[in-house]
C-alpha cells in the first residue's frame, strides 16, 4: 500500500460546522438518519467538551505514531484529527507534546481508535480527546501510514474533510457534502424536541404526545392489573 | 411471548426503602448474604448519587425503546426504572426527553442493561442512570416488550416491586419480601463496622480485631524473614 | 504451593521514590525503556492522584481477601499494596475498612488486579486505588495466599520492594535495583521535553525539531496535493 | 440467603422433550416467540450433539463446585444440569469424574455459565457440555449454593423442570408449562420451512416467496443500476 | 440515509479470483502490503474451506436481516456475500433457508459481522461462513439497509466487487482494481517461500537465510551463556 | 531494557517431562497445588494434542516476531517455545515457515500470547500451537526482545527451562525445580481418581465417596421436598 500525505482537502463551511457543534452528537446522529456514529467504546478523557470540526484523517499502524507528526503540520485552525488503525491497539500514541504542537496549529481535538497519555495535562490544556484507551505506553516512529485518505475509525468510515462532532455522548461523522442538510435537520429536530420537552415536563404522557396508544394495542400489548 | 403491561404492583414500605438508601450498595449486599448484585459493568453516568426505590421492571428488545414510554406512565414517585434486554445491546435507549417525562412522574433514576445518551443533560437534571454503555445511537419503536414482569438485568433476576439500591459501587436488588430484614441486617452490620473502623484507625491490626492469627497458621501460612 | 508472608523486604531509597512520583508514569515508563507498564484496564477510582512507593506484593485467590489483612500489617509508611490474583476476578476485595487500616500504617495507595468497593469513601479519604473493576461484591477469608513474593499483576511481573508509580495514565513498575537509573533517565527526558515543548508551542513543526522529513521520504512517504 | 436442595421437581412430558430435541434450538427458539436463548458465548465443547431434557438447576459460587455433587444425586435419567453462577467465573468446575457420576445417573449433558475441563475425555465419553470457557483450573468445596431453585444462566432465567434444548447453535430454555405448545409450534414452523426450502432450492426468489417486493419499496428501498 | 440496492457491479477477472483463492489469506494479505484484513474475531463455522469471490456488499441493522433477501437475488455464481452492520450485533441473521437460496444462486459463502445459525446444516451443505458469533436468535424484517454500497465489515472497508479471500486464517479484502497485481505479488511471495521452506526444513537457520545476524547485533542484541 | 539471548539453560529431566505429558494439564495443575495455569483464552489451534517440554522463553513486542528466529536456533529437541508480549497483540507472529524451522530443530510446539497463522498447514504438519488468536496479519522484524529470560505469558510467570504441559484443557507451567515432585503428586492423584471413577461409574454417590453429607448440613444446606 502506498503511503501518502494529501496536503489540500476540502472542508465544510465554517458556519455549518459551528452549528453542528451546538446541536451535539445525539441530535446530529438522529437528524442525519442514524448513521456515522463511532462505536461507543470511544470515550472522552474528560467530560463537558463539545466540538465539531473538519476531519484530518490519519492512518497509522499499531505502536507507531509517526504519521501524527505529518498530519499536524497539514491541519488548519478548527480541524479535528481522526486516527484509524490498521489493527487493534491501545498504545498511548498521543501526549502533551503532540497536543502542544496540535494546539499551536489550531487543532481543536483528537479522535483516536487507540490510546492516549498525559491525560491530566491534556485536561489542563483544555485539549479534548476521544479514545479507546488511556495508556502510558509510548510508540515508535518506524512505519509510515497516510494522511487525508479514507480511514475506518472505531467501526466507521471517515473521509478527509468530513465533519466530526464529538461530546460526552460519543463521536459522530457527517459527510462533508451533506453537512448543511444535516444542520437543517438537526435544527428542525431540536425545535420539535423543545416543544415536546415542555409538554413532558408538565406531566403529559409520551404515549399521548406521540400517539402510541393504539399502535401498542395493535402490536399486541395487553394491560393487566 | 405475550407482551403485557402490569398496572399495579406492590411496593416495599417507604421507610424501609429510604433506610436502605442510606446504607448503600456495599453494606446492603453484604447484609442480605451476598446476592442480588448486578454485574460490575453497570456504571453510573456521574458519581455521587445514592438512591433506593421500588423497581418498575421493563423488558425491551435491542434497538427498541418503545416500552419505556409505557413504563413511565405506570411509575409512582420514588420508583426506579429497571430495564432488561432480550439480547445484548448498547444503543442509547434513554435520553433527556424520557428523563424529563420520568422526572415529571417522580421517577428517581434508571438502571438499564443497554446504553443511555444526553448524559451531560441528565447530569445537569440530577437524574442518575446506571448503564452498560453511553451511546448516542437512538432506537425505534417497533416491537412491544413488557412492563412489570420478572426480568434479568445485568445477570440478576429482578421482580417488579423489588427494592433497587444504587450508588457509585453499583446496583443491588433486594427482594420486596425481605426488604425490612435486609434493612435491619444492614444497620447491624454498619454499627459493627463503625466500632471496627475506630480501632483500625487507631492502628490496631485487623489480624487481632478479627482473631485471624491462629486460623492463618492453621491454614498453613508461614511467616519468614 | 506454600503460602508465606515475608516480613522484611528491601526498599528503594526514599528520595529516589519521591523523584519518580514527580515525573509520573508516562515519563518513567519511557525513560526506563518501555517496560513495566500494567495493562491499561487498570484505572484509578478518582483522577488527580500521582504516587510512587515501594511495592508490598500480595498474591490472593478469586473471591478471597484474607491475605490483605496479613499484608497491611507488614507495610511501612509510603508503601503501596500491589495485589495479583491466581485467576481473573472482579470482586470488591478492598473497601473503606481495609483502607482505614492501611492508612493507619501509612500505606499510600493500592494497585489491585480485581475489584474495589466503597469508592466514594475512599475518594473522601484521599486513598487512591487503581483496579480492574469497581464492585460491591465482598469476599471470604478461606484460602491463604502469600505476601511479598513475586506476583503477576495486570500482565506485569512485580517483585516486593519494586517501585510502583501510578497516576491518571496508569501504573508502572520500576525494579528496585534500577530505580536510581530510571530517575536519572526520567529527569533527562523531562528536561529535553521541556525545551521541545516550547518550540512546539511556538509553532515549530515536529517534523523539523525531530529531523523527520528525510526519513519519511526515505521510508516511502509521498506528498500529494 | 438460605441454601436449599429441592428433591422433587415436576418435569415435562418425556415425549414432548424428545420432540423438542428433534427440532433443535433455532427452530424451537423461533417457535416460542424468540425468548429463552442463552447468550451466544455459551459454546459446545464438541460439535454434533443435539439434546433436550428437564433442567436440574444449580446455583454455585465462583471457584466452588460443591453443589454439583449434591445436584447429581437428585437427577433422573434424561435430565440436564444447568448451572448458574453468583458472579462471573471461568474455572473448570466439572471434569471427567463428575461426568462419570452424572452419566451413571442418566444425566444427558451439562449447561454451565463457567468453565469445564477434561474436555477430550468428555468428548470420548459422549457427554456434551455447553460452557462459557474451557479451563483446567479446579475448584474448592467450601460454600454451599442451592439445587432446583430458579437461577440465571448466561443471561437467561431458568426454573427447575424447564426444558433445555441444546445443539451447535446454542442453548434455549422452554418453560415447562408451555413445552407442549412450543413443540406444536416447532412442528408447524418446520413443516412450513420444508416447503419454502424446496422452492428456494429450485431458485425461486425469497422476495417472491415471502411477498417482500412491495413492502421493501414502501419502506423506501430504491433499485439503481 | 437513502436505502439503495445497486443491481450491477463490476467484478474482478474470474481467473484472478481463482488464483487468489489458491494462495489463501495469509499470503495474499502479505503480498498486497498488509492491509485489508478483517479483525481476527471473524472465524469460520467449520475448518478447511478456502474461497475467493467478488463481494456483494450488504449494509444491515442489528436484529434485521431483510436486506439479505434483496442481496441474494443480485448475486452471480461465485460471489461472496459481505455483510456490515450499523452497530454491533450477534444475532443469527442467516441460516439454512437463506443458505439454500444463496447456493441456488451460486453464492460461494458468507462473511458477516454478526451471528449465524443452523451451523450444522450449513456444514453439511458445504456452505462456508465467517462470522463474529454463532447464535440461534432470529431477526425481523423491518428496516431496509442497502446492497452494493461501501460497507465497513469487522473494521475493514469493503467495496462492491472487491475480491474477498477467506480461509481458516480469516478474511482478507483485495480492491478490485489491484486484484491482478495482488495475484502476481502472491505468486512471487509463495515461490520465494517455497525455496526458503526447503532450506529451513533442512535445518538451516532463519538467521542465516534472512541475513539477520548483523542487524540483530546492531540493534543491540547480546548473546550470553 | 537490555535485549539478550541466553544460549544455555537448564532443562528438567526428560523422563519427568514425559511423565507430566501423560497426566495432562488438569491433573498436573491440581497436583502441584493449583498454580501455573495460563489464562483460559489460550486455546489450541486443533484438538487432540498433548505435549510437555522445556520452555524456551521469548519476549517480543506487538507486531514484531524478530526474536522468534533467534529463539528457534537456541532450541533443543523436545523444547516448547513460550512467547510473552510486552503489550496485548493478536498479530499472526508465527506461520508455516517458522514451524518448519522449529520442527527441524525438534521443537514440539508453541505457546504464544498473540496470534498465529497458516493454521491449516500447522495442523497438517502436526505442529500444535496454543494462542490467544488466529490472525493472518504478519509482523515486522524491527525491535529486538529477549530469549530465555523470565516472561509473563497469558498472566503467568514462566522461567526458561520450566516444564510446560499443554493439551485441550489449556497450558500449565511447572517450575523446573519442582517437576519431579509434581510428577509424583500427579501419579498419586491419578491413581486415586481411577479408584473413585470406578465407584462413581457403578452409581455410588459422590456425596458418600467424598464424605460430604455431614459437612454440607453443617454448612447450612437444607433438603426440602
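A, B, C, D, E and F label the chains in the order they appear, each numbered from 1.
Here, a residue touches a chain if its C-beta (ideal position, glycine included) is under 8 Å from a C-beta of that chain, and two chains touch if they have at least 3 such contacts.
Only a predicted model underlies this, so the values are computations on that prediction, with no experimental measurement involved.
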{"item": "Contacts common to chain B and chain D (chain labels)", "value": "C, E"}
{"item": "Shortest path length from chain A to chain D (each step joins two touching chains)", "value": "2"}
{"item": "Interface composition of copies chain A and chain B: same or different, split at half", "value": "different"}
{"item": "Distance between the centres, which are taken as Cα means, of chain F and chain D, whole angstrom", "value": "31"}
{"item": "Inter-chain centre distance, chain C versus chain D - centres from mean C-alpha coordinates, in Å", "value": "43"}
{"item": "Centre distance in Å when chain C and chain E are each reduced to the mean of their C-alpha atoms", "value": "41"}
{"item": "Junction residues of chain F, two or more chains touched", "value": "34, 37, 87-88, 90, 137, 143"}
{"item": "Interchain contacts, given as pairs of chains that touch", "value": "A-B, A-C, A-E, A-F, B-C, B-D, B-E, C-D, C-F, D-E, D-F, E-F"}
{"item": "Touch list for chain B against partner chain C, complex", "value": "25-26, 29-30, 34, 37, 40, 43, 47-48, 50, 167-170, 172, 193, 196-197, 200-203, 205-207, 210, 212, 216, 219-225"}
{"item": "In the complex with chain D, residue positions of chain B that touch it", "value": "1, 32-35, 37, 39, 86-88, 150, 152, 155-157"}
{"item": "Chain B-touching residues of chain E, taken from the complex the two chains share", "value": "61-63, 87-91, 137, 140, 142-143"}
{"item": "Touch list for chain A against partner chain C, complex", "value": "2-8, 66, 69-70, 72-73, 90, 92, 95-98, 100-101, 103-105, 115, 117-120, 133-138, 141, 143-144"}
